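Next come two complexes built around chain A: one with chain B, the other with chain C.
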Partner chain A sequence: MALVSLLNLLPAAQAFLVSLQHQDVAGRTSWIGWANYAAALGRGDPFGPSLAHTIQYTAGSVAGAYLVGLALALLLSADVRCRALLRALFLVPWVIPDVATTMLWKWLYGDQFGILNTLLLRARLIGEPIQFLADPDLAMASVIAVQVWKLYPIMFVTLLAALGNVPPELYEAARLDGAGRARLFWHVTLPLIRPASVVISLLGAIWTFQSFDIVYLLTGGGPADATRVLSTLIYDKAFYATDRGYASAAATLMLAVLMALTVLYLLAYRRDRES
Partner chain B sequence: MGAFTRRETLVTAIGSAFALTAAATRADEPARLTFWTVRLNTPELTRALRGVLADFSRAHPGIEIRQEPVSGNLVYPKFLAAAQGQAMPDIAEAYTYHPLQFAAMGQMEKLDDIIDGWRADGTLANIINEYAYKKFLWQDHYWGVPYNLDIRAIYYRRDLLAAKNIAPPTNWDEFQAAAVALNDPAHGIFGLVFPAGDFHIAQHFYMMFMLQAGGSILDRDGNLVFGTAARDANVAALRYLTDFATKYRVTPPGIAAYNTDDPHTVFLQGRAAFAMGTGGLIGRIQNERPDLESQVGVLPVLQGPAARLTAGFYNPIFVWNGSKAKDAAKTFIRWLVAPGRLEPLYVATAGQLWPVLKTELANGRVQSNRLLNEAATGVIPYTVDFAYPGYGRPEMGVIDGEKMFAGPVNQVVAGRKTPEQAVDDAQAAMAKLFS
Partner chain C sequence: MNRRAAAAVLLTALAALLASVILFPVFWMASSSLKPRPELFARDLTLLPVRWTLDNYRNVWDGTDFPAYFRNSFEIAALSTLLTVTIGLYAAYAIARVPFRGRYAFGLLLLATQMVPHILLVIPLFLLFQRLGLFNTHAALVIAYTAFSLPFTIWLLRGFFEAIPAELEDAAAIDGASELGTFRRVILPLAGPGIAAVTMFAFIRAWNEFLFALVFLQSHELFTLPIGLASFQEEYTFRWDLIMAGASVITLPVLLFFLLMQRFIVQGLLGGAVKG
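Up next is the complex of A and B:
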């Protein structure tokens, strides 16, 4: 336990020390105190917009994945044919590596013969191709859709298990009281799966907040920085700009947000276990 | 002390023989070098490189080279981690400004002796142009040497131009007019396709027009002039390039998301009259669309308002100053960068990699292949390093790496900035490096 803690704490501590320094192209370092943090939190710095994009990306992906996962879990909790097969198929996005996922969606989104544009054009729903990845106003939604696709399987599996733990007697009792399907869902199902929902949503938020591959490979953070999130900013600053001080400061700030999410997750998990 | 007994003599003889053999083994142990490769990691190039290394081993049995591929996406993390841990490879080939960046970190071995040797034996005069090796000169020492070249070119459809009686353009006005005239989206043909996504490749084509407009990033003394003395020319170049997308609309609407291979694919599909691409497109045409090859040409470098130049990427090979076998490493480099040694790499992927030696450009393989010959005669002689007319600034590695002028191309094409704003913002970012 001590060794694991050390392996986790030492790099974080070193990163914090680096964040208090400036390092030039030649690798010369100088102590500058909180200046990197001040720069990151200052006006005009890309940290603020990148943080906003990250929150947008996380909230959109988790909400979308939750809704899709819940819908599929409700579907499979009913008596449907080929349930086992469907359950396996719904897990496929989870097992596909991120790089393959990115290539797949790049083809789907392609402005020239991408499947989505081809189908929409043939159905005459659009007059010209949609620039899913080239339009700064659409790119974030497009990237969120990919993350939703990637994340929904874990939501689905968790919520399916939670739905399986809802006592059927509660539904019977509610029906006897005259509750229809909508009221059953709102007043029986949702409250009883809420602990699992909170836990898996927080976990999804932690994963998405720090995710890197999909955004970096799909858009590089563009177009016009519309999809630049904290992880891509930190990567570019650390390894291309060789501004490791700033990158470490940004990473430390990111860690603070993740720690807050983690604490919430642990509290929710404990409450769920107790209930 | 009396004479040795027979037993003592035997023991002494065996012991001496053993000692002599062991000493001989240590002296005979080959020098072992680790060689990291970044741009030679495709299956074809790996196979070709193995053959090259085998040839070297036969010629120099006392030197063993272990090649390790490094993913292009992991170059910086891997090298920086290795530098921190003092575990750099003995030799490496990587991206264009890595030797200076790592030299600034105190990690590189000076290669002045190689350059001096090349000067004496005529190799230096045989290199395409002086910027190919001067770019590695910093603080009066050479920290890397060029060993091959990456090009960026404009490809065109000869048949589409001929159908409209348009001659291959030679200057900016002609090129713009041709792209506009050939744009026919109703029949699935775009006038021009180029990568304008927020990826490194976007800036490589901006460099081309920047140089032709008389613009630059550095002046002759290595001072930053991107948004100051060279601002007007750089803005003009950025406007010229992005106008194809924003004003004349002769490009696919999605180019603000295009990376390197996207324009290649559009061109291979026969849906663009002109395409900006890497030299590797030649190989793709030959392998994937041999039916199209006779209809494709490589446009000679355009005459811009101020110059007829284009950016060339002279790829370096360099030595770690912590290597225990520096002499062996330099022996390898001298052997490698000699006429004919790298030919297997050039054959493996036609057009992707090029020699830096003029004599190798005129060999039978290049002259007998029309596309290769057009690139060799119409593009390569006009290549300069993108720091031209300056050189020797490690900051160029950061400027290239952080996409400081891929961003401007993407931002203007995406409609978020004007060329003036984009150049000014890029200047502000670059200025922080030089301060």
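Up next is the complex of A and C:
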């Protein structure tokens, strides 16, 4: 069992060692200390902008997915028919393989034959096709939309369970005290689902922060590096530029951020279990 | 009473409407895959195919390397799932029942492994597999998928095992069952939903996995479905007929699996993972 952890954690330690080395074209390695870190954190290096994009991508996706997930969870915890079927349907985007997700969104987003542009043009809402993925100003929003679509189901199902655990007597009591719907939501529902919300949002942030597939397959980090996140930067450096030392240094820095998020997650998780 | 019923119907209609908006991309993929090629690029788009056809599926199956991708993916996913679930069951049971020092810390460690980004791990693993001569082999993926699904599997199953009262085992022991017998006949059946959930997770994870396959495989004939389909983008540019049919084929098994077992999965997910 310790072996399992080793299999996961040893490579991480090894990545750290690689980050202290330089590998030349012939594959010879030499120790260069912190030089790769200095390069990544230096001025004009793509690391800084990529980190900024990653934060933007993560914050946008988690916020969007949480709102969609919460809205749907509230809807389904109300008095609706066919609850089991609807719950299953709302979970579907979660199981669609990333590669299929990105292909079908590319097909939707297309400028010539994409249905989104076709519908918008037909409704005369736009004069010419929107370049969802090719316009540097729009690409990040388009990529976030796809990640929200993929991420909201897990938030939805967690929040639905949390809402189901709210004792109905609490609502009764608040209603007897004359609380309206909005106040009921703000003062009874929201505080009670807060622990679950914190846990699932942090988990979503941890996943999104390191996610690779969606961005890589949709834009590859383009156009004009507008969607270049840390994971695509690291991939490009490690397997195209074959600068594995730099890539490992960037990945180690990424891990540091993730570890901070993880500590927050574990603290929130423990509090959630205690309450 | 009538007003409540009307409200329920209204809310249900709203939920159904939202579900159809959210699921439209999936519907559009399926619909596109069933249209003849000219209809995909026609000026007047129709929701459903005017002429239904399976030609795209036939073309993707007979005209590309797709069947090989499918076989590769299935073999790798099945083998790594079998390994994950078998090892995971015994490991989780041990953690749940056998008191050993640092049990709590070990649980945290398992969780922590989930947070290490794959993009970080893929570099040293690539170097390691290269050295072991496993680069560009399926074995590399089976090892990687098993190693990375195990922590979550163990963690989830542990929650299930801990929920089973120890008295049940004591009773079985008094009746003369061996420890292994108790495990097989008493514990395993009770952990059914958990096992179904982890099997599903391990399989779907391996079936969908992209980054490791992208880095560890080089030869086209060894490609799995995700990287095979992604390679269509360069190889068959603008062949959305092939891409949509291929994407549907990748999605279908996972979707069916999920819809059939979603009760267990949601239960397993919430029982083991979220509530601990």
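Quick note on the criterion: the second predicted complex is superposed on the first by the 274 of 275 C-alpha atoms of A that agree within 3 Å, B and C clash if a C-alpha of one lies under 4 Å from a C-alpha of the other, contacts with A are read in each partner's own complex, and residues count from 1 in each chain.
In this text, contacts are C-beta pairs under 8 Å (C-beta built on N, C-alpha and C of every residue); 3 or more make two chains touch, one makes a residue touch a chain.
Because the structure is a prediction, the values reported are computed rather than measured.
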**OP:** State whether chain B and chain C clash or fit side by side on chain A once the two structures are superposed.
**Re:** clash
Original post:
If you stack the two complexes on chain A, which partner ends up touching A:182: first (chain B), second (chain C), both, or neither?
Top reply: neither
**OP:** Would you check which partner chain A:131 touches, where first means chain B only, second means chain C only, and both and neither mean what they say?
**Re:** first
**OP:** Please indicate which partner A:123 is in contact with in the superposed arrangement: first for chain B, second for chain C, both, or neither.
**Re:** neither
**OP:** Tell me which partner A:224 touches in the superposition: chain B (first), chain C (second), both or neither.
**Re:** first
**OP:** Look at A:111 in the shared chain and tell me whether it touches chain B only, chain C only, both, or neither; answer first, second, both or neither.
**Re:** first
**OP:** Counting touched residues of chain A, say whether chain B or chain C comes out ahead.
**Re:** C
Subject >> First (chain B), second (chain C), both or neither touched by A:256 >> reply: neither
Original post:
Of the partners chain B and chain C, which touch A:236 in the superposed model: first, second, both, neither?
Top reply: first
Original post:
Which chain A residues contact chain B in one complex and chain C in the other?
Top reply: 238-239
Subject >> For the chain C and chain A complex, residues of the former touching the latter >> reply: 4, 7-9, 11-12, 14-16, 18-19, 22-23, 25-26, 28-29, 32, 40-41, 45, 87, 91, 94-95, 106, 108-113, 115-128, 147-148, 150-151, 154, 204, 207-208, 210-211, 215, 225-227, 229-230, 240, 243-244, 246-248, 250-251, 254-255, 258-259, 262-263, 266, 269-270, 274-276
Subject >> Footprint of chain A on chain B - complex, ascending >> reply: 76-77, 80, 101, 104-106, 197-199, 252-259, 266, 269, 271, 394-395, 397-398, 401-403, 407, 410-411, 413-417, 433
Original post:
In their complex, what parts of chain A are in touch with chain C?
Top reply: 1, 4-5, 7-9, 11-12, 14-15, 18, 72, 75-76, 78-82, 84, 86-93, 95-100, 103-105, 107-108, 113, 115, 118, 149, 157-158, 161, 196, 199-200, 206, 209-210, 212-213, 216-217, 230-231, 234-235, 238-239, 244, 247-248, 251-252, 254-255, 258-259, 261-262, 265-266, 269, 273
Subject >> Residues on chain A engaged by chain B in the complex (per definition of touch) >> reply: 25-27, 110-112, 128-129, 131-136, 139, 219-226, 236-242
